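So that you can tell them apart, the chains are marked A, B and C in the order they are listed, and the count of residues begins at 1 in each.
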Amino acid sequence: MNKSFLTALCATGALMFGAAQAADGPSDGSVKVGVLTDMSGVYAAIEGPGSVIAAEMAIEDFGGEVLGQPIELASADHQEKADVASSIARRWIDRDNVDMIVGMVNSAVGLAVQGLASDKQTITMNTGAGSQELTESQCSKYGIHYVYDTYALPVGTATAMVENGGKKWFFITADYTFGHSLQKSTARVVRELGGEVVGSVNAPLGTNDFSSYLLQASSSGADVIALANAGNDTVNAIKQAHEFGIVDRGQKLAGMLVFLSDVKALGLETAQGLQFTTAFYWDRTEKSREWSQRFLDKHGEMPTMVDAGVYSATLAYLKAVEAAGTDEADAVRAELGDMKINDFFVTDGSIEPNGLMPHDMYLVRVKQPSESEGPWDLLEVVSTIPADQAYIATEDSACPLLGE
Amino acid sequence: MSIMNRVFWVVLIVAGLIAPHFVYPVFAMKLLCFALFACAFNLLLGYAGLLSFGHAAFFGGAAYITGHAVKVWGLSPLPGILVGTLFAMVLGAIFGSLAIRRQGIYFAMITLALAQIIFFLALKLPFTGGENGLQGVPRGTLLGVVDLSDPIAMYYMVFAIFLIGFLIIYRTVHSPFGQILTAIRENEPRARSLGYDVERFKLIAFTLSAALAGTAGATKALVFQFASLTDVHWQMSGEVVLMTLLGGMGTLFGPVAGAVTIVTLQNELASFGSWVQVAIGSIFVVCVLLFRRGFVGELARRLGAKSA
Amino acid sequence: MSLNAILAQTMLGLSQGVFYAMLSLGLAIIFGLLNVINFAHGALYMLGAFVALIGYSYLGPWLGQPDWHMGFWTALVVSPLLVGGLGMLIERFLLRRLYDFDHIYGLLLTFGIALILQGLFANYFNISGTPYPGQPESLSGIVNLGFMYFPKYRLFAILFSIVVCFATWFVIERTSLGAVLRAGVENPKLVEAFGINVPRMVTLTFGFGVALAALAGVLAAPIYSVSPLMGADLIITVFAVVVIGGMGSILGAIVTGLMLGLVQGLTQAVYPPAANTVIFFIMVVVLLIRPAGLFGKVV
């Protein structure tokens, strides 16, 4: 290889380099929604293929087009890995002109994608991840947190348990952002009500044998063993607690985040009596029943609160695009902040400047097998926690955006 | 230099220069990072005959260190990558001195175990972010002038790093040192009886390979602005073996071809879920059974060229 | 920590250790005779569990008999036979072609097979696991061990595995069949001269080692959810067990497997995050002090 040849190559390269910088940023002709979720992993039953169907339903119900352009849908599996998720999000935004990303179950994923998307001025509507950080210290102008957060979850559940005599708490916590965040806010509620935390142990995400942790919890003398985890982790922990007879010997389990799919997986026999907080239950109002039935027909399973949230968020986004007359993120975000969201999922919801969408939450109880009248008749709504009690007040939020 | 090698060089450089205008730049950068990783690995497997099953430790370890150096210490990109590379080099020297005393499968197992310890540290040390990974690593500006948040500018920096790494490997392989390595691989007792300090040569090869794998990982951390557990997981060590084997171990360009094939495959088949794994596994099996030379090696043989 | 708590964690460690022992025993037998590190061992363990799960939950409906289940005890026999058979096919038609080359190729081939098996199952089954509902009624419930309440089934799994492990050890180390096997390892030509079909012996041995993995898989099914990746992370730990025990040492594999399970159980009680890694620390230390492993012969 000779030198002049190399020089020539380098020169070509330099030329192309210049050319590429000039030709940048074509505008796109459609509105594209991306569902970024866990299609086959630990949380797939919560927000997996079902949430893609929910987004499809929202687009269909909206009429399939907005501003005279067809609405497109992309979906991808983030495999519970923040790096995979952010490289997909990056590609979607850079290359595929995705305008809004919804889903993102798993807080590590949620935070990574929200951070990346807000650098690139793209709206994210987080329906799956729970960490309160999303609207607190790591809040973003373009990041919306839609379904639930770790502040809202313990309010109903912990209050109910402490009032029933569960004063001493032991935590089994999923060892990442979400788990720690959930443990912290639950402990706060417990202490405020006069309870105490007697211990905690961190279990890796995706643990399949909780017996050692359960044993520590059991010998701690706690009244309540709180599971600050989600999805299959919760299911495994509850199942193994029964296997070791922990519940039979009087200690109570508190699932701090339980989904309908978890109850289904556990079965009523094991799950009966479990109380938890949820943002949605299909059998609550006429409207929720009607939508859920349609979802059931398509997906074969009743929607989790996250599936319902994906539908609601997608629909709200499309309405905002229409009202704003553009898919430009700043205009759409302003519209989302001004409008009232009303559907089967939320009544008079509005999105705060920090991205939070406060709405009513429900304390539910798993029915006994004898009370259940059908394969999906699993829960009973015990009480409603009004939005202003469930979620942190905007003036207490630590989101730096609010100071501006 | 054989004609085939010359063709490869030209294809490599031309393709490298025009790539970002035809493919998504981040994808092209990913290809380059993995190509360098595979080449670094090949230096060890292909030329020194040592199968390490723990190279993810260097790749991912450097990614974390660089990410931290750039994000927290505020280093600019090049010193950041250098710090990551140095870390991988030191780590390589430590691993190497523990592992080279054993051979074959034992060697593979020991490197695997050592890499698992790095994985544990990546999971547990406070600065790594555990399951979250080390997020939001800034790309910064190159030498204070070029803004690397521009993907094209970033691409050419990555390409330059790749070429430098590749040239180092090329020079090493064709130096007397490389000849001795090959001699050791072919017949260790003979090399020993000729008076060569076999252990020392192996250790140097291991350290160099680790350092370059570190460069690849460090660069990847800047490209994706991210270091995560995936980078240090043992499956990453497996993937680099596959890339090298598929392209052709002991050939200069084989690992590049292997890396490009595997990464492209992963990218294209991403929507088919786990079929990617099935496809990659099948390629692995077919490769081991029928094309142990890999496709560049096979091509070289058919063309009757000398070993590339 | 109280004595009871330590005993309790020891029991849990033991219930993990028996799986290490069963898997590392299979690996050690295969390594001893074939000099192949079977990377697919974890995937075959997973396959064993899936045979039990599919037999119980899916096979009936597929055959149009929704009420029919293949029970646990049947699975305990059928699964090792099926998976062992598959193992023999792998040995006969794939691995055998590589014996003339570097042993590393055997490892790489089985790595590829592991990827294929995991990928296939991950397409049809949830990665995070499907519960196995077929645990026999007679083994459900808990027993009071004095220092803890322990599920009956886990107790059964521990005892059953230990019996299987030591029976295998006995056959290989103390019977004439085992003597032939061991001789085949030392000097295949000589054994051939005595009229023994060595290639067939190799195939059968590989099948047996794999069958042990499948047996462990069936035993694991009721305890852990059955998942396509259940073997993937386990196998790396089991490799470490085999290396610590001394590659190819039968007794070493069993004893080390049980022992490391205990160590892991105790670590889980003291410092949970290190539980998965403590074995690798031990491995590094052992290799520095005794390069051939605890029970291995120095070559």
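Following the convention adopted for this analysis, a contact is a pair of C-beta atoms (placed from the backbone, for glycine too) under 8 Å apart; a residue touches a chain by one contact, two chains touch by 3 or more.
Every value quoted in this text rests on a predicted model; they were computed, and no experiment measured them.
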Sort out for me whether A-C or B-C is joined by the greater number of C-beta contact pairs.
B-C
Of all the other chains, whose mean CA position lies farthest from chain C?
A
Whole-Å distance, C-alpha centre of chain A to that of chain C, is 38
Note: chain C sits from chain B at a C-alpha centroid distance in Å of 32
Shared interface positions of chain A, touching two or more other chains:
40, 175, 204
For chain C, residues contacting two or more additional chains
122, 273, 276
For chain B, give me the residues that contact two or more of the other chains.
123, 273-274
Name, in rising order, each residue of chain A that touches chain B in their complex.
1, 6, 9, 12-13, 16-17, 19-21, 39-40, 76-77, 81-84, 86-87, 90-91, 94-95, 107-108, 111-112, 115-116, 175-177, 204-205
Chain B - residues contacting chain A, complex
1, 6, 9, 13-14, 17-18, 20-21, 24, 26-27, 30, 123, 130-133, 135-136, 150-153, 156, 224-226, 228-231, 270-271, 273-274
Over in the complex, which chain A residues touch chain C? Could you list them?
40-45, 175, 201-204, 206, 208-209, 211-213, 215-216, 219, 231-232, 236, 239, 243-245, 249, 265
For the complex, which residues does chain C have touching chain A?
2, 4-5, 8-9, 12, 15-16, 122, 126-129, 131, 142, 148-151, 153, 223-225, 227, 230, 265, 268-269, 272-273, 275-276
For chain C, which residues count as touching chain B in their complex?
35, 37, 94, 97-98, 101-105, 107-109, 111-120, 122-123, 228, 236, 239-240, 243, 247, 273-274, 276-277, 280-281, 283-284, 287-288, 291
